[in-house]
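Next come two complexes, and both contain chain A; in the first it sits with chain B, in the second with chain C.
After this line comes the complex of A and B, so read on.
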């Protein structure tokens, strides 16, 4: 109950954030711009709409997750509003969870709006919509959840600017981890162990990327989707627990 | 200090502010106009198409570019394709440029190996417009490996081997592979079997060309194909004429003085029209027929000397 009220308040607070609307409008403009670019290309016109649409939804969603996520906790500490919450009978992990859920709901609604934009463009151009599109969108949402948790984790112990840099770095690394494994396999001994360890601990965000499957209409089996989702949720849980541990020990001065 | 600022205060009257806003707006407009002018003069100085092609040449290899795109490689392939199309749209490209165009297509298809349309366009352009069948084959082989179910990639490989490289057996294998795939036109199996049986028959070649012509939407490409059709027609006509000349020689004991003699003595209904608007000429000493517009015969069909192509 306490978690939900914090979540609801976080959601309302996010709605007042001008950054959210900027990014949302920009994403919708990008999706719309595929209509113009489409006239320049040759061959598969549909794929341009799908690639730009899914790319924009993914990219701007990640930006929203990062740039609103980093402020979730650090802003409260900066404005000293955290005292009013912490002094109430609310456990610190409940506070974090509430913050997290609030932003997740914001992201869900944002993704829904951007998806509606993409579907409108697809409908206008009479592009057939396949089920795999929604599977890919679902996986994009799972990726947002992981990124939000990363932003929240950094937000519990560092400033907003540093958190933004760290989270962006994790986002980049998260898409390059398959290379870590490949490099590790070419080495031996300790370096291989270290690289493989890093590969398994860092989030493998490339797993959530099904955008190519939509373009080529390759279906993904439901069992795979379930495992990917389970991976995302478990990783999110790990990050939130780690954030709670750090946050529990933190002094507010 | 305080005194002087106080005395200046009244001078900030309404008209003064209006003048200031006016001046600032004028400054804004002036700088905007100069920005546009500067941009235009820069555009004039540097030729955009050259710059675009140079950009393509400096494109990093697909293997390195793909991880750098952080999962947006499909979109990256789309954007590169858009830029490449602006270069391909030029009337004529130099030999170097085709190397780079191939490189760009290689990068695009590494970013998105299932982008089958790029293989198709690349295969057609590199063979017929760039005369680089080696590059065309490399791209198409890559595409065939990545997309074993797309019929028009082996179809184009068959075309390259049949017409450019003169390897009818290999070509027939590719066409047969294309014929086994779903979505291909119904005439493919028949074409493949005919190609196996009569590798150097112009009629078969004409059917093949017609099939490719129906596949192609691009006007420039169709022009190239129509030219090739006419060249094959010349070959067909010359064979017809020469066999009639041989019959004549067998019966009469000498080569006819002119081609018209074949019609008057009933070996042919009429002399075929030269498709380029020229005429056929008979060398009455050796009994060979040549076209006035294309004195050299097509290499591909001299398969009686197979392997020498």
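After this line comes the complex of A and C, so read on.
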């Protein structure tokens, strides 16, 4: 219950963030830009619109997760609002979890709005919608959960700017992990160890990417979705645990 | 219930060292502090700027960790949620979520204590009434003045009907009326058998309110005890005398009895060393045909103790450096 109170308060705080609206408007503009595209050959046209739409939702959602995520904890410490929370019978991990869930709710609603935008574009451009689209959106949401946890973890021990850089790096490299391993195998010695280490430690974000399935109308079995979701949840839980351990030791000064 | 005074707050050789700057320069904010706050008392925690009051209080509230030493609240080690449930806390110059109205704000903090529903709503109305903020119940906190924030801050500290209330400079930012209201509030809390610990620079308030005070300087305890004892310890009272029409040569006669002589126009301010010199001084004034304007005994106060302790500490610290 305490966790949800903190989550709800975080959600209200997010709603007051101008950045959120700016990013949301940009995302909708990007998605809407497909409306002015000329009709190319039919198959490619559909593919392009879905590609742009899912790409925009993913990209802007990640930006929201990162740029609001890095401020979740650091702002509370900076503004000293955390003093009155931690001095109440609230464990530090409960505070962290509440902040995390609050932003997750914000992201869920944002994704819903961006999805509505995409659906409107698809309808107007007469692009058929298949069930796999919603599966892909679900996996994008799971990816947001992981990225938010990464941002939260970094923000428990580094400055907002550094946290943003680190999280962006994780996002970019996380989408390259399969290449990372292949690339590492061509190297030798230390470079190979480092690249393989990164392959195993960083999240494999490409697993959440089902854009290819959507554009090629290939269905994804539910069992695969469950495995991917389980992977995301496990990874997130691990990140939040690590964040709690670090946060527990911090002085608020 | 056991009425024998038992410690609610127990601090033992508490120490906090901060590492500041790139090189991690060590700053000892609290240095081997030990003290107890007893059940049902109003305890003043006094000291000049940078003495370590806020640092100590933050350690008690589990916001920062001691470098060494221990502290307990209700016998439970600090940071224990069970202990925190019985404590109310007002931070120094409080910062709150400024997009909330006072009611939403108090509701949020109520939830953190596991309070919900009508019982909580009733408590919120009571508290807004108590701190005189009923008129601003639906106003967002960012539209509040500093004193108004301080008031909802105090309401926030009382939301769980705490047994122990820790206030870091509760009077700061308040006008004289507000300060009196806070004083009355503290006395009312004492009447309802709560324990109050507050920090302050305003020694006058502490003297009016506190059963006991602790004075710290540079992180170390320099005095602790009943206000009456501390003030009594240095009962040598000085007397201020203002006279008119006194010639320079009669001033010379008076000089042996005085600590200080100040000329202000045709008036002269004489600070007599103690009350035993009053009669001799008055005789001399009469002989010199001077007029007595006023005679004020200067009651010794916490402030004198404070200033003496501060002065006494300086040379020692310079030696150490």
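Here, the second predicted complex is superposed on the first by the 232 of 253 C-alpha atoms of A that agree within 3 Å, B and C clash if a C-alpha of one lies under 4 Å from a C-alpha of the other, contacts with A are read in each partner's own complex, and residues count from 1 in each chain.
As a convention for this text, contacts are C-beta pairs under 8 Å (C-beta built on N, C-alpha and C of every residue); 3 or more make two chains touch, one makes a residue touch a chain.
Keep in mind that this is a model prediction, so the values were computed, not measured.
K.L.:
Look at where chain B and chain C land on chain A after superposing the complexes, then choose clash or fit.
P.N.:
fit
K.L.:
Using the touch definition from the top, say if A:33 reaches chain B (first), chain C (second), both or neither.
P.N.:
neither
K.L.:
Taking the superposition on A as described, I'd like to know which of chain B and chain C A:212 touches: first, second, both or neither.
P.N.:
A:212: touches chain B, not chain C.
K.L.:
Give one of first, second, both or neither to describe whether A:161 is in contact with chain B, with chain C, with both, or with none.
P.N.:
A:161: touches no partner chain.
K.L.:
Which of the two partners, first being chain B and second being chain C, lies in contact with A:191: first, second, both, or neither?
P.N.:
neither
K.L.:
Between chain B (first) and chain C (second), which, if any, makes contact with A:9: first, second, both or neither?
P.N.:
After superposing on A, A:9 lies in contact with chain C but is clear of chain B.
K.L.:
Considering only touches as defined above, state whether A:234 meets chain B (first), chain C (second), both or neither.
P.N.:
neither
K.L.:
After the superposition on chain A, what is the angle at the C-alpha centre of chain A formed with the C-alpha centres of chain B and chain C, rounded to the nearest 10 degrees?
P.N.:
Result: 150 degrees, to the nearest ten.
K.L.:
With the two complexes superposed on chain A, say which partner A:48 touches: chain B (first), chain C (second), both, or neither.
P.N.:
In the superposed model, A:48 contacts chain B only, not chain C.
K.L.:
Which value in Å is the smallest Cα separation between chain B and chain C when the structures are fitted on chain A?
P.N.:
Minimum C-alpha separation, chain B to chain C, in the superposed model is 32 Å.
K.L.:
Counting contacts the way the document defines them, which residues of chain A are shared by the two interfaces, the one with chain B and the one with chain C?
P.N.:
Chain A residues touching both partners: none found.
K.L.:
Touching residues of chain A toward chain B in the complex: what are they?
P.N.:
Listed in rising order, the residues are 37, 40-44, 47-48, 51-52, 55, 58-59, 171-172, 175-176, 179, 205-206, 209, 211-212, 215-216.
K.L.:
Considering the complex alone, what residue numbers of chain C touch chain A?
P.N.:
By the definition above, chain C touches chain A via 18, 58, 61-65, 81-82, 84-85, 87, 89, 91, 94-97, 99-100, 108-109, 111-114, 116, 156.
K.L.:
Which chain A residues qualify as touching chain C in the complex?
P.N.:
1-2, 5-6, 9, 12-13, 16, 79-91, 249, 251-253
K.L.:
In the complex of these two chains, what residues of chain B are touching chain A?
P.N.:
67, 70-75, 77-78, 81-82, 85, 112, 114-115, 117-118, 121
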